[in-house]
Amino acid sequence: MSGKMLMKGNIAIAEGAIDAGCRFYAGYPITPQNEIPEYMSKRMPEAGGVFMQAESELISINLVFGASVAGARSMTTSSSPGMSLMQEGISYMAGCELPGVIVNVMRGGPGLGNIAPSQSDYFQAVKPGHGDFRMITLAPSNIQEMYDFTFEAFDLADKYRNPVMILTDGLLGQMMETIELSRGRKPLNPRPASEWALTGAKGREPRKILSLLMKPGALEQHNYDLWKKYDEIKKSELRYEFNEKEKDYDCLIVAFGSVARTSKGVIAEGKDIKAALFRPVTLWPFPYAELREAAKKAKKVFVFEMNMGQMVEDVRLAVQDDSKVEFYGRPGGGLPSQEELLSFLRKKVK
Amino acid sequence: MSGKMLMKGNIAIAEGAIDAGCRFYAGYPITPQNEIPEYMSKRMPEAGGVFMQAESELISINLVFGASVAGARSMTTSSSPGMSLMQEGISYMAGCELPGVIVNVMRGGPGLGNIAPSQSDYFQAVKPGHGDFRMITLAPSNIQEMYDFTFEAFDLADKYRNPVMILTDGLLGQMMETIELSRGRKPLNPRPASEWALTGAKGREPRKILSLLMKPGALEQHNYDLWKKYDEIKKSELRYEFNEKEKDYDCLIVAFGSVARTSKGVIAEGKDIKAALFRPVTLWPFPYAELREAAKKAKKVFVFEMNMGQMVEDVRLAVQDDSKVEFYGRPGGGLPSQEELLSFLRKKVK
Amino acid sequence: MTEKIMIAGSGGQGVLMLGLFLARVAAMEKKNATWLPAYGAEKRGGFSHCSVIISDEEIFSPMVENPDTLIVFDQRAYDSYKSRVKENTLVIQNSTLVKDDEALPGKKVKLPALEMANRLDLAKVMNVIMAGAYVAAKKVINAENAVEELKSSLGRKESGVIKKNIDAFKAGMEYAGKK
Amino acid sequence: MTEKIMIAGSGGQGVLMLGLFLARVAAMEKKNATWLPAYGAEKRGGFSHCSVIISDEEIFSPMVENPDTLIVFDQRAYDSYKSRVKENTLVIQNSTLVKDDEALPGKKVKLPALEMANRLDLAKVMNVIMAGAYVAAKKVINAENAVEELKSSLGRKESGVIKKNIDAFKAGMEYAGKK
Amino acid sequence: MEKLIYGMPESLKNVSTTYCPGCSHSTVHKLIAEVIDELKVREKTIGVAPVGCAVFAYDFWNFDVTEAAHGRNQAVSAAIKRVLPDNVVFSYQGDGDLASIGMAETIHTANRGENITVIFINNTNYGMTGGQMAPTSLLGQVTTTSPKGRDAQHYGYPIKMLELLAPLEGVKYLERVKVTNAASVIKAKKAIKKAFENQINNTGFSMIEVLGSCPANWKKEPAEANRWVDEKMAEFYPLGVIKDAR
Amino acid sequence: MEKLIYGMPESLKNVSTTYCPGCSHSTVHKLIAEVIDELKVREKTIGVAPVGCAVFAYDFWNFDVTEAAHGRNQAVSAAIKRVLPDNVVFSYQGDGDLASIGMAETIHTANRGENITVIFINNTNYGMTGGQMAPTSLLGQVTTTSPKGRDAQHYGYPIKMLELLAPLEGVKYLERVKVTNAASVIKAKKAIKKAFENQINNTGFSMIEVLGSCPANWKKEPAEANRWVDEKMAEFYPLGVIKDAR
Amino acid sequence: MKKGKVRILAERCKGCNLCILECKKGELKQGKTVNKQGYSVVEFVNNGKCNGCTLCAIVCPDAAIEVILEAEE
Amino acid sequence: MKKGKVRILAERCKGCNLCILECKKGELKQGKTVNKQGYSVVEFVNNGKCNGCTLCAIVCPDAAIEVILEAEE
């Protein structure tokens, strides 16, 4: 299948996974990501894989843990409250160095909140759980990327034997957009599971997968080893979008995910303002140095989010000059419109 | 009871809670905090309260949720992996504006990790869960404070109808130290539960406690209301330790909890270096402005933690000049000794 | 070219399907398109609207605030959105259920879609009639492609149903074309 | 005054209790004190040690790296910690189980605590004997207070046991006092 | 002279519920309200609403109600009851809530023999999220996540919660009812009343399972949906008292 | 001529375990190893170790082993088995792990009828964390969190896991055994073997509960601890086959 | 025979028609008026056969039926 | 009667003494030597009564007993 087609964000995630060779999916219903388990319940068996409806998010993440132990490319998806329930499991996966793709289609919080789009799980994604672990966190901005990033997430997860998160929101999950599926594309599978997965100790020494390290110094050393890997990821996998041609700007807008696309509209519309967009694509690793460089030329750095200010902390860490940074955000499912952001910009610029 | 006595950190927490009028405790065993549920199983019934051994940390936090709904001063305690499991419940408590005290006696991670002391749940405490909520997070540094802060936590929780966290570690939990119990001290109970708790709609309109807000804009408004409260907390409840007399320093050391007391030893020992300690006591709210002020006089700001660098991000946000900030941390239960920190300091200073 | 369409009505009127249909035709024409639904908090009888954007360029926010075209199915929808109508907004309104506000600017297509649908003996085609009117009134997507899409989307339905839908579409086109 | 004590041995020898005892006496004397245990990863037969600090001032880290006093119960403990012994470190060693390393600096009290305990017909008092030796050798805490604490901590035990403990404590004191 | 012999109970607020026409949630809400009125405990009742279609229950009942996190109702209810033993505390839950994500809470609360009342609406799917398979969905039942019908091999078997709980000593009273017609509604009310009376008499843990209909997700008219309950559900899930150990 | 008629199984590594003297974990480890040897499946076995005293099991068994988060063993095991249906997958769990925090995973895995083998060591307390009360602790049992002995009113009743699982259709084989003397060890081994054979024959979910001793936390000598199992535990927890539905 | 009548609380009725099935007297029928929520409200036929048996009200999910007994004079 | 003997794997034995209870022939007794882990290792008495019944080995939690059958010549 190729050529332009209209696809829902949630479905694009499911398709990206299947095309990347995901053969184990476990999920529990929660709005606004229900299309994924629903679609997977049909598609996964067709693709020769395993679909399991977990009875809770705890079971979801631990099923994914198990499937990964067995060497299958595996995925789970949920939304904010469900993601909180997965924190322990994710930490275990990182501790055990197990690959796996975790999708968070964020909604309004705290607590039960509502089902409107939100970006208020940024912290939970990039500064997660207990223990000093990290996950590559990809933030798609359109439906093409919902597909592409999910596809690539599996390779990244395998390459680093680490969970990878797709951090998106109900807007991108529920909207449809024209995309091009590149069905010909093959996953790279950079570090095959056969090297480390538990498949029975036939013709080799028994393997163990674990995160408990009780011998004095062993866990400390394990952390250093993990961080060596994380440093490697920082070097190799950092992604951001920043139009090099847009050299001439006073205002730098920093936004991710669905807010980034709105911000592009702001820039296109607000011709009276010399603005450029810096869009972190990997939220972890975060492009600190690159953003810092880009911010130097700006008089003001604007951060737009659908929360009370989370990524803005990383922006401030990059910019190191709070007087330059202006934040505008809306929590609890409030969707900043293009008009609203532009008028904020105009007010602050003049 | 009064006068000096030797007490274990975990017991001090339990005693502080009972003296503050905590009458509901639920917990699940996990090292290094087992002394708390064990002690509570005896003391709580004696004090006329309810002790429940929860069958999981999920049940713990939701029992505390229920007890709080019913207006009881309530507490749960756990350690890092258990705390990850409570993330959803804590977000619900914050969303429902329910008071409650949550104690995290941190241990090494990620995953199962080990049972050695650690500070690697800093992020999870101060930038928590899903949704834009916050908790007052108190970091005791000695056993006296384990008692005092727990005592005060209940008043703070009630005052703001918000969960309050005591963030401590296995070192403080397991060590004993001389403390003075001030049994005469009465809790203030600044906002009695009778104003809002569910106790039956006798002689009043029925009440509801909830976090679901589906009407357009309602959840957004709720978030703004919460943040009004958080801003109030930032103004009124900020705490830090910074010896005003120590005006004459080149090096500012920033550390919290057990590392802060080691850092004091470093300063006492390293007479050749002009150093002062800035110790955040509330990790949220974090004393950004105060630290920034204090950092101005320093040539270097040293951040010592028992993790790979978590609070250091808040320090950097405060200082806004990375070239000044030096971090030394040990993850996975590695305990930085006084000697080790001092030699790091000496190396970096010269 | 960028065309921003807002479609509004109540659950059960086929509001979301209409949006989807327009977006699909655009995709067929290798244009970029987005479709963004919004439901009321309640499941049924509630408010229903969607945003559709069709463009040759990259589409930014999929939320339509200032529509180039507003398609409204009933009075409540009309009242909710008429403030967004500007001088050059095209308004396609189901005149069976919408009382026109003459003070409103913009180009108007008032077609009695519900009546027409009832006449076609298939209330469910009201949205197809509106689609026809849109295609005729604003030449953003091609009528033949639209009919193609209509057929393929009804693929497995019996031929009578397909015919009725095509008739409905054409009736809508015709009605709007006349104006 | 700040006194840093490190006590090391194996599980079952009463290492942790000895530390606790010293810290309790200090508390009774309104001094500041800390006690920090450390266990081996295994439950039994493992390594056991604790740090005790007694001071008139604020105590910083409760971990003792460079002890003023090192109390060792057996060879393994001695071997593990002897590198920490400096010129002015007091070493109290259970000579029944520890072979003295003569090259080591520091003031030494070598007492055959296990032997003495066996002689007292109560192997469990080995740590009390060590306590007595410590109190005599280093006058940080008061002997009478120590005896008081001993009594109160054994509160509900039968009088024969209490007496034996006091005897053990005194024997330790005496032995160390003589040297 | 006219006499009102059936009207809205005081324990119901005079607002329309958000449930779909014919949905059993509405019926059971009404029955609970009637029972609470009859037992004269409205002013000391505390309800715990679930995450599910009944999450808005606090807008419909005229007494104190809180909302628990998905599946955690019984932990919340147990704690409330422990703190306020003289109040009447009940947990209202759907099958996704009680039998799926809340399984551990259900078993442990029952096993502790907490003196609370649990009203369990089994409508064989996740109503609120759009009709996904639940642990209680029948074999062969087509849902949005069992597109070919539930088969035991991939999805496991439908769980009979009452039969599962029956062996637990802490459990005192279990009955399964339906509300598909007036006769069964009358029976259901009696069961619910007993479950509340048990609590008032300190008998211990009681749970009533209501075989409920979900016309919207089953894509059936209310009457047809009720017929499905009568014919299919009640065939698999036996009605009546499963345990009475008072 | 000499013949070795009893020796260490190949599926056990030649290292000493970390268990306390007389602990039943050691015995059951050995039995599992023997069974796996006898069934000749060492090279396709994947074990899932729990959080609990048996967390180090991967250091003792000579085949592939992973460690699951506390209570999540059966979710992990089920997924491994689904991905590798031709391998032999078993879950090894303590009572805190399986019957307390892992209750939901246990019930749901059993109900799904996953074709795995579960070995459940019930030693009536949380061994690793120092002897706190478990859901399986006997009434009256003094533990570090039930200082006056477990009473049903505050702590609930001891759970009989096998009796709880028995009504679930997905569950095929349940047997309760002990390992307090040679005779019972032989029986236990037979049960364990059957549970593995079931898996190999695609029969479905099997679980063996071993009444285990925890001399350390019970503060009893090994022999005395075994006596307590024989007398107190086995009295409350009936030995034998609870269900055999193959 | 007792004489009863029924009052439909129009804004509560959701037109589920379950009451119609229940009334063996034919006293209830599908309505034509639509309430604010968009549901067509059931109608009381009032053919004099209503005996106030309350079965319709009992089955009504939405507590939308009040039953009134007219005392036999 | 068969003739057996028993080999104690000293480093595996934990001195739990369960095997002693099991041997009805009195062939095992509490040991005096302590292994590296500090456990006193059980001892094979070797009074010629061992029949290689393996009960001691079966009950041994730690797989610390090997049983050897000496073929009757």
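Letters A, B, C, D, E, F, G and H mark the chains as written, and numbering starts fresh at 1 in each.
Keep this in mind: a residue touches a chain if its C-beta (ideal position, glycine included) is under 8 Å from a C-beta of that chain, and two chains touch if they have at least 3 such contacts.
What you see is a predicted model, and the numbers here were worked out from it, not measured in a lab.
Least step count on the touch graph, chain B to chain G: 2. Considering the contact criterion stated above, no chain is in touch with chain G and with chain H alike.
When the C-beta pairs in contact are tallied for E-G and for A-C, the bigger tally goes to E-G. Centre to centre, using the average C-alpha position, chain D and chain F are separated by 42 Å. In whole angstrom, the spacing between the mean C-alpha positions of chain B and chain D is 35.
Separation between the centroids of chain A and chain B, computed from CA atoms only, is 29 Å. Mean C-alpha positions place chain C and chain D at a centre distance of 88 Å.
Residue positions 44 of chain C each touch two or more of the other chains. In chain B, 55-56, 58, 81, 88, 92, 96, 111-112, 210-212, 214 are the positions where the chain touches two or more neighbouring chains simultaneously. Residues of chain H in contact with two or more other chains: 37, 39.
Across the complex, chain E is touched by residues 100-101, 103-104, 107-108, 111-113, 135, 152-153, 155-157, 159-160, 163-164, 166-170 of chain F. Note for the complex: chain A touches chain B at residues 58, 80-81, 83-85, 87-88, 91-96, 106, 108-116, 118, 120-121, 123-124, 127-133, 210-214, 217-224, 226-227, 307-310, 313, 316-317, 320-322, 330-334. Residues of chain G touching chain E in their complex: 4, 9, 11-12, 14-18, 21-22, 37, 39, 52, 54-63, 65-71, 73. Contact residues on chain B toward chain D in their complex (touch as defined above): 3-6, 171, 174-178, 258, 261-266, 268, 335, 337-339.
Chain E makes touch with chain B in their complex at residues 42-46, 48-49, 51, 55-56, 58-59, 61-69, 72, 75-80, 82-84, 87-88, 104-105, 108.
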